[in-house]
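Below you'll find the structure, written out as structure tokens, and then a few comments.
For clarity, chains are labelled A, B, C, D and E in written order, and residue numbers in each chain start from 1.
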Amino acid sequence: MTMTSLQETDVLSSVQPITVHVITIGRLASEACAVNMSPWKVCVPGERLCSTEVCKAGSGTYIRHSFIFASLAGYVVKKNEGEELPVISVARETEAQLLPDVNAIVTCKVTSINSRFAKVHILYVGSTPLKNKFRGTIRKEDVRATEKDKVEIYKCFRPGDIVLAKVISLGDVQSNYLLTTAENELGVVVAHSEAGVQMVPISWCEMQCPRTHAKEFRKVARVQPEYLMP
Amino acid sequence: MVCLPLDAGAHKFRHMADRRLREFGCEQNLLSRPDGSASFVQGDTTVVVGIYGPAEVKVSKESYDRATLEVILKPKVGLPGVAERSREQFIRETCEAALLTALHPRTSIVLILQVIHDDGSLLSCCLNSACMAAMDAGLNMRCLFCGVTCAIDLDGNIILDPTAKQEKESRAVLTFAIDSVERQVMMSSTKGAFTTAEFHQSIAICQKAAESIFQFYRDSVGRRYSKS
Amino acid sequence: YLHVALLFWQQVILCHCTLDDLRVDGRSCEDYRYVEVETDVVSNTSGSARVKLGHTDILVGIKAEIGRPKLDRPNKGCLEFFVDCSANATPEFEGRGGEELGTEIANALYRVYDNERSVDLKSLCITPMEHCWILYTDVLLLQCDGNLFDAISLAIKAALLTPSKIPKVQMMEDEEGTTEIELSDDPFDCVRLNTENVPCIVTLCKIGQRHVVDATLQEKACSVASLLVSVTSKGTITCVRKIGGGSLDPESIYEMIETGKRVGKALHAPLQDILNKEESLGKSREKVGFIG
Amino acid sequence: MPVDTKRLRGPEESQSPWLFVEQEQQSPPDEREDGRRKGQVDVRPIFARCGLVSQAKGSAYIESGKTKVICSVYGPRETERKDETDMKFGRLVCTFRFAPFSCAKRCGWIQSTQEKDLSMALLGSLHPGLCLHRYPRSQIDVSVLVLENDGSALAHAVTCASLALADAGIEMYDLVLGCSLRQEGSDYLLDPTFAEETQEPATESTENRGGMMVALLPSLNQVSGLLCSGDLEQQPLVEAVAACIEGCQRIYSVAQRCLLTAVKKKNPPPDG
Amino acid sequence: MLRRPQRASKLHQRVMNTNSLTQAPWHQTTVEPLEYHRKFLKENCRPDGRELGEFRTTTLNIGSITTADGSALVKLGNTTIICGIKGELAAPPADAPDKGYIVPNVDLPPLCSSRFRPGPPGEQAQAASQFIADVIENSEMLQREDLCIEKGKLSWVLYCDIICLDYDGNILDACIIALLASMKNVQLPEVHVNEQTGLAEVNMKKKRHLNIVKHPVAASFAVFDNSILIVDPTSDEENLSTGFITVVIDEEEKLCTVHKPGGTPLSNEKLQDCINRAITRNKEVCKLLNKVMKSMKAK
């Protein structure tokens, strides 16, 4: 943090002290011009971008009185996607505010299991990490697509496993996000053996510890194996 | 469960000089409700500990890969304050390093320490009683630990296991927890200012004193299991 | 705050009707519902009142107790508010919902009443820094049908106006120099609070393009934001506060302040009439409230 | 009064040395101490910067005169206790605190009624600016800490919080800007200092005195928060609201610029 | 500021390229944080580019809060701590009529990290408050007798309120620097007890500094994988370590506190390493403090 009333700022190592800018109101007009000079236009929430006749509203925008407004602070991006009108959206480095939505592929960590379901923490939505953990549930019937009635949770997941899953519903007041692993590409991707070593998948339902060679049951996801081999 | 008088069956030592521990003794399994209990007496300082667990844990405190350890320290009189909270942290983190909490994931282990009387070296007495109670509860441990307090007086003399009066008159008071495997310092809590040399000297004296406490642990376990 | 589910077409009709200065229950935009005021309903208070506004039903009791003045105003007494949103009033008050609304209302009441301008706080001081009267004001919501603030303010004003049983006190100093408080023996020897400037609250709800006073729950459900305006009998505005989750354009704010002031000022006279009438009846009046 | 056993306590009772200083009764000067003019839309220069709290999703720091406010935003995260509305809309939770050393007299650690009231006012002011329907089942936490209060703390808290929300990438309809005003008779003091907010009147008359805070969505020209108390006639009140709105517009450019800098610093321009 | 991130990113390339696991999206800090850190420690460095014994950049800003009698803001990398001291008047304690009070409190508000919840202070904040109180007492940085105005009648209470604004690990070190700097910044008005009335008389125009006689400075270490000691841990490093130790030492190389609340046992040699690093740290911080104080006076 810097302060304008800063009497003294000093820095211990060779790194330069942070310079302090006081932005006064009078000086701004000229500085605002400089902003527009850059090739990428940056906008703040509430800024009117254009009319709905010129563009279609993309992410990070909203429509009011047939105008498109920015709802995020970020770069204004116009893209032609072969349709009549280009799509205008506001982009930030990452989709930071992303929430798990229906059909999203999420990466999660198993926190506890019982005979009916596994509880997980959702860590990633797609490849975007979530800053806060959201809780989800994988019910017994959503573990795999075949022989649903023969599923035994403890043969599919263990606490601490990293699992790829898909959101099937946001749940209601009582429940958490409901997830499924009933696809070949979904299931356990990282698991540790009893010996604490990361295991190698050997079939769709088994993984093996490279140290003790003990086999353990998991609902294994079919991911390109070279990713998993150290 | 019969409640034995405190010194019955407990081993006693008598030492003369300042470089010796005060008489100490312990009784295990004196409370019937907890899963493990112990009372430890060092001179006139007495602490009773009860351990509950591994037991069910609140969802908010659950951790998926180990047991959650909670320590509650109750002073002799009045409500626990910030000083107790700080001691609880010392005791909890020492126990966490000694107990194999990974063996009981998603459970809770609760230690309740009640100060019966404080006549100096309270923190070390708390640690000793906690260790004895953990043994009594049959919890898996990586090592044992013991607490030893020493004081440095105005002339620079080091007094082992000081009384409350000696603590007050001294320039510095140091408490260490020593582990039973490497005989190294697990925990350190100090009051007052002292030199590096004094610090190392104090550790050496406490490490030496720890031997007699570990021997006492060994004896009491031996006695207990040879009986049945 | 209370959520009333209205179908979309109901909302549209409600908004359109309002545009023509005609509300669902036949009132015009600036009309209040039928108001019933009854004072002195709880016997062991210094002042109490019950107000019914439509189906909204409020009970206010004020108790005077001797306490210590606040550090920042050593020569003044003070008012304390506690709002009880009983789960009887509406099921939504169950649990923490009622608690939150209670604090919200209490906070607003502090802003409106606990100041020199509304209540003569100096007259509540007994000895500076040491003793003063504290008026503990308990608000009980018996039933909610919208417009809580206005009803509560009417009830508070009525409770303060009734012959407040704040006994006269004297400070006695004995030989050792310690002071003692002596209460007057005569039960009629009371301090009467100057309530001339006690304001009334008018809540204006913006619905569509218009704004209405004394909104029902249905009307409130169609409104995004309301403005709370507290007005004295002279027409001075003592407090303005936007409540609700939405925003208002500046022009409507100006209009709403204007309406608020007009309606609020007009509200004082009939209230005073009712209260005078109540008081003149004395003990002989017929009590209608279930508590009285 | 229960004892606070979770903090170190000093003596039972202690008093600020200011209580023992003879307060010289001064009539308010004709000019404002810092050279600003009465009855003019004259706000103090503002220094604003985003992204100072590394742990937060978004954060902002504002300094105006000697008033210093810091705000962090966390979330959207899972709502702790849910009800039906949470299924469709995100929940906004605001906490407004004064640091114990931020005011002339030391304030306690336990949240006071005033702080609770200001938290509520902050919530009411920010709520209309947020696209909460984009965050079902989640909660957004806004915490504001006033490090030094030299007047207009709530107004700057509103601006600071909206910058922090924008920095956090929370979708908003518009920024929310705050401005305070103090009415003294026929004149008003915009963006008052702490001394101006609390000064005793020169005369006994209490006519047309009061304080006000307005929160504005600047590009939509909507008032999202209005909090006013005092003794005001209708005309000066309306004029005061208008002056505050203009005051908010004055700080819009500073807020915009602060965000632009933050966006450029945080993210490189997207490709293509 | 540019040098560091570059150094860090090169390091990332070097360390992480040895492993193809990085290609998988889930293999990042949040999923396998321990493995991630181990890879860096193997190379004797840390994810932010520091060496094991290297502190983060320390920034100090003194006296910016005018409503406090003394204040300081300290940044240790991202970790930000502000301390404000306010003096109030009270009757001296009954058991020490010639002394005043020093009341330090550490607050870890939800503002500084998502790990803290609103409400009364948790165990960590309380333990930190106790730690600060112990350091003040052990180091005797100022004589409590100096705070007495009139024996048995009136003395100063120094409320030292320390608030964390950004929690990125190692708050204890930052708290001690903030406390020390704001203590040096405190100016209290002159107070007399009027003999006739027995009331205090305060002269706000005449102020004096406190006499700070000792300068305790803390150095904190985290123990990684039961063996590796790293200085000034970040929040991520704290979460993964198996023990902590904080050594507080004054400019005369006297130890004021050796605070090791449990965790991995350490050998005497390791303890001595910590003490040695703390000695040099004290010199670094005192130098910074003097530099800032000097340039303040120059103004």
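Criterion: contacts are C-beta pairs under 8 Å (C-beta built on N, C-alpha and C of every residue); 3 or more make two chains touch, one makes a residue touch a chain.
Note that the coordinates shown come from a computational prediction; the quantities given were computed from them, not determined experimentally.
Asker: Using the touch definition from the top, how many steps at minimum link chain C to chain E?
Answerer: Contact-graph shortest path, chain C to chain E, evaluates to 2.
Asker: Would you mind telling me which chain pair, A-B or A-D, is linked by more contacting C-beta pairs?
Answerer: A-D
Asker: What is the chain whose Cα centre is as far as it gets from that of chain B?
Answerer: Farthest by centroid: C.
Asker: With chain centres taken as the means of their Cα atoms, state the distance from chain A to chain D in Å.
Answerer: Here the centre of chain D sits 32 Å away from the centre of chain A.
Asker: Centre to centre, by mean C-alpha position, how many angstrom separate chain A and chain C?
Answerer: Roughly 49 Å separates the two chain centres.
Asker: Go ahead and note the Å separation of the Cα centroids belonging to chain C and chain D.
Answerer: So the centroids are 28 Å from each other.
Asker: With chain centres defined as C-alpha means, what is the inter-centre distance between chain B and chain D in Å?
Answerer: Spacing between the chain centres: roughly 51 Å.
Asker: List, in ascending order, every residue of chain A touching at least 2 other chains.
Answerer: 1, 3, 5, 131-132
Asker: Show the residues in chain B shared as contacts by 2 or more other chains, in ascending order.
Answerer: Only 82, 85 qualify.
Asker: At least two partner chains per residue is the criterion; list those residues in chain C.
Answerer: Touching at least two other chains: none.
Asker: Which bits of chain B are touching chain D when the two form their complex?
Answerer: 79-82, 85
Asker: In the complex, go through chain D and note every residue touching chain E.
Answerer: Going by the criterion above, the answer is residues 4, 6-11, 13-18, 20-21, 52-56, 66, 68, 70-72, 74, 77, 95, 97, 99-104, 106, 109, 141, 143-145, 147-150.
Asker: For the complex, give me every residue of chain E touching chain B.
Answerer: So the residues of chain E in touch with chain B come to 123-124, 126-127, 129-131, 133-134, 137-140, 242-243, 245, 250, 253-268, 271-272, 275.
Asker: Over in the complex, which chain B residues touch chain A? Could you list them?
Answerer: Result: residues 62, 64-65, 105-106 of chain B touch chain A.
Asker: Can you list the residues on chain C that touch chain D in the complex?
Answerer: Its residues touching chain D are 3, 72, 96, 103-104, 107, 110-112, 115-117, 224-225, 227, 235-250, 253-254, 257-258, 261.
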